[in-house]
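Two complexes, one shared chain (chain A), two partners (chain B, chain C).
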Partner chain A sequence: MIEIQDFLRTLGTNSGFWNPLVWGIIIVIALLIAYIIRGRGKKEYKKQTEQTKVFLSGNPELEKEEMHIKASNVYWGFMESFKWLYTGLEKMHTGNVSDYILWFVVVIGIFFIILGVI
Partner chain B sequence: MNIIDDIILHSPALIVAIPLLGAFLTPLISKINDKVRNVFVISIVLFTSAIVLLLANDIYSACGKIHTYVFGGTAAITEGGFAVRILFEVDGLNIFMAIITTILAISGVIYSWAFMKENTGLDKYYTLYLLMIAGMFGMILTGDMFNFFVFLEITSIASCALIAFWTSKGKAVDAGFKYIVISAIGALFILFAIAILYGQYNALNMAVLASNIQFSFLDKIALVILISGLAMKAGIVPMHMWLPDAYGRAPASVTLILVGVTQASLYGALRMIFTVYGGKLTTTINQIGDVNIDLNLLLGIFIVGLALVTIFIGVLMALKENNFKRMIAFAAVAEIGYIILAIGAALTTVFSATDPRTGIMALKGGIFHILNDALDIGLLFLVAGAIYYATKETSLNRLGGLARNMKYTTIFFLIGLLAVSGMPPMNGFASKLMIYESTYQVNPILSIIAILCSILLLAVFVKVFHSAFLGPKLPKFDNVKEVPKSMLLAMGIIACIIIFIGLFPDLVVNNIVQPAVNALTNNSNYINNVIGGI
Partner chain C sequence: MLELQEIIRTVMIIILSTVVLALFGIFFGLLYKGIDRKISAHMQGRIGPPIRQPFRDVGKLFTKENIIPENAVPWVFNLAPLIGLVGTISILLYLPIGGFRPLASVEGEIIFGDLILVLYLLMIPSLALVIGGFASGSPYATIGAQREMATMIAYEFPLAIIIITIAWKLGSIAAGGLGVENAFTLTAITANPVWNAVGPLGFIGLILLLLVLIIVTPAELSKIPFDAPEAETEIGGGLLVEYSGRNLAMFYLTDAVKTVVMASIIVALFFPYNLSPLLGLESIPAYILDFIFFLIKILIIIVFSVSLIRVSVARLKIDQIVYTYWVPLTLIALVGLICIMWDGTMMESYGWPKIVEIFGLI
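Presenting the complex of A and B:
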């Protein structure tokens, strides 16, 4: 039978411990503080008025599908910066099964050298 | 002896035999009607799972207990001293892997009920599905090298057919072909290694081999071939390229089990390194000046190197990918990297005479992460399948605003996202914390790279969350509805386990991870359990 203290016991690591329940309680307290601070904010906000409409600097609103940022555009800057790396990685991923086997042979070769077989 | 004791006694054989029998009966049951067939398949999996739990209870009842089941006799070794009998030897590590397989199998068949409903040829689908599950259990439970190869082949053939199940899509057939080529070559190399060991020691039994192994020149060749073959099946970079193809094209319910198959191969590699070659791990194989380089250190450094490359390339490719399932597949590659990083770090330190605690912690983190990886990546694949089921889209560029129509699926995705990225309080955080801490003690650079890549992994899934679930409701998805209840139930089961493990990690580490670690670090129990029976 599992005792309640077993449930509450923390995960000990060599340098410290981790207790998700304590973490959860702290998060709840933090959220509570945030909620109290929010409650002290301005009261002029009115739902369903001009205040809530998106401001697009006078430009017309686009179609919904055009407004959504596509996955390939997310992290565009990161991809551009590391283009040199991705070019190499793409060359590696040829989709050709012969190349897959070639990599296997390369790993076996390295492993043989490391263990002193060759 | 009551019936429960009888079942426990024969449980290792039953765990493989029941799904195997179920597989062959499925085409016959299908003749009645589809509903009866589905109930039959789920019953088979639930019954097998119940036996796994009974066996687990038996193994965990005593510290270091090993359940040995010898086919066709009581003693593993015949009177003439021949270790010819096939046996299943179940210790803490085997049962840990069997529990993972059980969770995946239950979720997979429940998910399949609605997910595959519109497809034809489901009698073949479920037959192959049960064959794959039987093969996985066989790989995990067997104590015989050749038997391991046979079950590996059963799993590979069933997996290949299931990856190519949607034959109307050319890319699925292509992925199936690639998978069978990779599997066949990997398996042939493994068979060659087994033949080398058999030729030298006249035995196929893992325990007998472990007790006799000399680490001769031929043994070194066998070790290299065994580990490389299994590493390719486990999807370790640079031998991972088949994995996004296979995971990306298979039905989501199949991909879930494929995650387990990958981990069964990883289990095989662990068993070979720590048990079969365990006695020779501290053998000095090279000397540079005054420094002795032991096998464990050399293997550990090599595995850590592979792990870093695996994590790095897995995450970078996932970040670039825009196909939902291929993206998760690359993330799965990175997650395998975390597991082998811990194992490599453990190998370098666990045999230290002065302080083996770092190695033990790394091993605990790695083994714990096997469970967490299966659950987290498995859940994300099921979510990807749910989105495909609802929208018939896999490209993230064509998705958006789904959180408004698919609330439960969104919640399950968020749970998977947080878990796989190692965010507290999910299960992934607990295991990654153990890996970070232990690898930091081996070399701080290792844990820094691991943490940075985990942050990138979070970025990968934030991208998915933004592009698939957030944003305005797209007109083309106006009619999209939440997926059927059986699919939600399957995702819910995994999500609940993820949250439970996240909240009570110590319970899992102490009760099921620690026995697995003990089984790895002390192979004499495994050997004596068979050799002692002469």
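Presenting the complex of A and C:
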């Protein structure tokens, strides 16, 4: 027989609680509700017609390779807003091991100074 | 046998709660959407649509064709809107709605999820949008999905600072906190309003955290000025560009329910007060009054964090969104955290009184 506590508190630390089983039940019921609501909508559409073509504001559809959006675009917002930071970092990124070791020594030195002062 | 009965009873409560809260979330989500549109219209000098317009919009979308683009991955394209709505409904179970304890904490003693879980579940609707966008096979939708991902990465940081600060303040004993057990659970947070734990410096800190949370809300809901992932005038609806009919209606409902979810989180964290203890009410009149008061609190929060902001500010570019969340708002949240941290020191070392003692509320 399953102990009630095992069922109700599957995962719990002293400060965090998470019961995947209960969440699973919630998800199944919610999925059923959402599916019923969705089922009230119209299912049909005209396949292989103009309406299934991709919307490009009237621009012609090019080859797939030419229309591909690079995954690196995700970071564009970060690269753009932190340009000042990346420019500095790129200058530091020389590819020379001696430079990296120098940085390592400098950072360790700064840490020792901070720890010494505190 | 007793244990089995208890399990069946608990499961029945969870099933019923899910049904009731799903209907609650959808109905009030659409209602608040209508009110938001009406208020926004009046602020812009327009009459605006009737409050029941969102219900009609959903009805209209159900009569429209559910077009699946030829470039799309059909099963992912159809599944994403369902995942979004299901994920959002599931969050409602972990929140204290209408002055009641979270329904996924039966009897108030057994807890099935906490604030950290809510924080993770909040990502599901956004991820559903991203997946749906990528599955659309449209460059506009791909750009929208990428922007949604960048926005998510941006606002999670200040949001995490807010939640951890509040739980830490309630849970700690040394920093003038209340020493609340299980401080990450919403049952504990609503039972012990965080304003009761702070002195003057912490009060300032909490105001700062509330301000940041109010600005995080429009990004969670993809509302102006943080609606770059949709940006109708620029990328034709972004990640929703290829959606139509019942699939678009599902995302519309997800947005409506998520509005209630976000406002409920703010209520639970910052305004968990009820009117019934003040008026000495008990039982059913108390439940009704608290429920109405909860709906009013939600409305006020939506007006401040959605309507007011989206009417008064223009859309930001994605790099501006990232900068806004990672620099000014994270710094404000950190200042709030430091204020609350020092507040404990001030109370302990210099005997600063708590804010509730200053106002004579205790």
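Everything that follows uses one rule, which is that the second predicted complex is superposed on the first by the 88 of 118 C-alpha atoms of A that agree within 3 Å, B and C clash if a C-alpha of one lies under 4 Å from a C-alpha of the other, contacts with A are read in each partner's own complex, and residues count from 1 in each chain.
Keep this in mind: a contact is a pair of C-beta atoms (placed from the backbone, for glycine too) under 8 Å apart; a residue touches a chain by one contact, two chains touch by 3 or more.
Just so we're clear, the structure is a prediction, and the values are computed from it rather than from any experiment.
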(request) Kindly classify A:18 by the partners it touches after superposition: chain B alone (first), chain C alone (second), both, or neither? (result) both
(request) Could you tell me if A:78 is touching chain B, chain C, both of them or neither one (first, second, both, neither)? (result) both
(request) May I ask you to decide whether A:116 touches chain B, chain C, both, or neither, giving the answer as first, second, both or neither? (result) first
(request) Figure out whether A:86 sits in contact with chain B (first) or chain C (second), or with both, or with neither. (result) first
(request) Mind working out whether A:67 is in touch with chain B, chain C, both or neither, as first, second, both or neither? (result) both
(message) For A:100, using the defined touch cut-off, is the partner it touches chain B, chain C, both, or neither? Pick first, second, both or neither.
(response) first
(request) Kindly list the residues of chain A that each of chain B and chain C touches, one partner per complex. (result) 2, 7, 9, 12, 14-16, 18, 23, 67, 69, 71, 74-75, 78, 82
(request) Could you please specify the touching residues of chain A with respect to chain C in the complex? (result) 1-4, 7-9, 12, 14-19, 22-23, 25-27, 29-31, 33-35, 37-38, 40-46, 48, 51-57, 67, 69, 71, 73-78, 80-82
(message) Quick check on the complex: what are the chain A residues that touch chain B?
(response) 2, 6-7, 9-16, 18, 20-21, 23-24, 64-65, 67-72, 74-75, 78-79, 82, 85-86, 89, 92-93, 95, 97, 99-101, 103-104, 106-108, 111-112, 114-117
(request) Flag every residue of chain C that touches chain A in the complex, lowest number first. (result) 3-4, 6-7, 10-11, 14-15, 18-19, 22, 26, 61-71, 81-82, 85-86, 89-90, 93, 104, 106, 110-114, 116-117, 137-140, 142-143, 146-147, 149-150, 153-154, 167, 171, 182-185, 236, 241-242, 245-247, 249-250, 253, 317-323, 326
(request) Can you check the complex and tell me which residues of chain B touch chain A? (result) 177-178, 181-182, 185-186, 189, 217, 220-221, 223-225, 227-228, 231-232, 238-239, 241-242, 245, 285-286, 298, 302, 306, 313, 316-317, 319-320, 322, 357-358, 361, 395-397, 399-401, 424-425, 429-430, 433-434, 437-438, 441, 459, 463-464, 466-468, 471-476, 502-507, 509
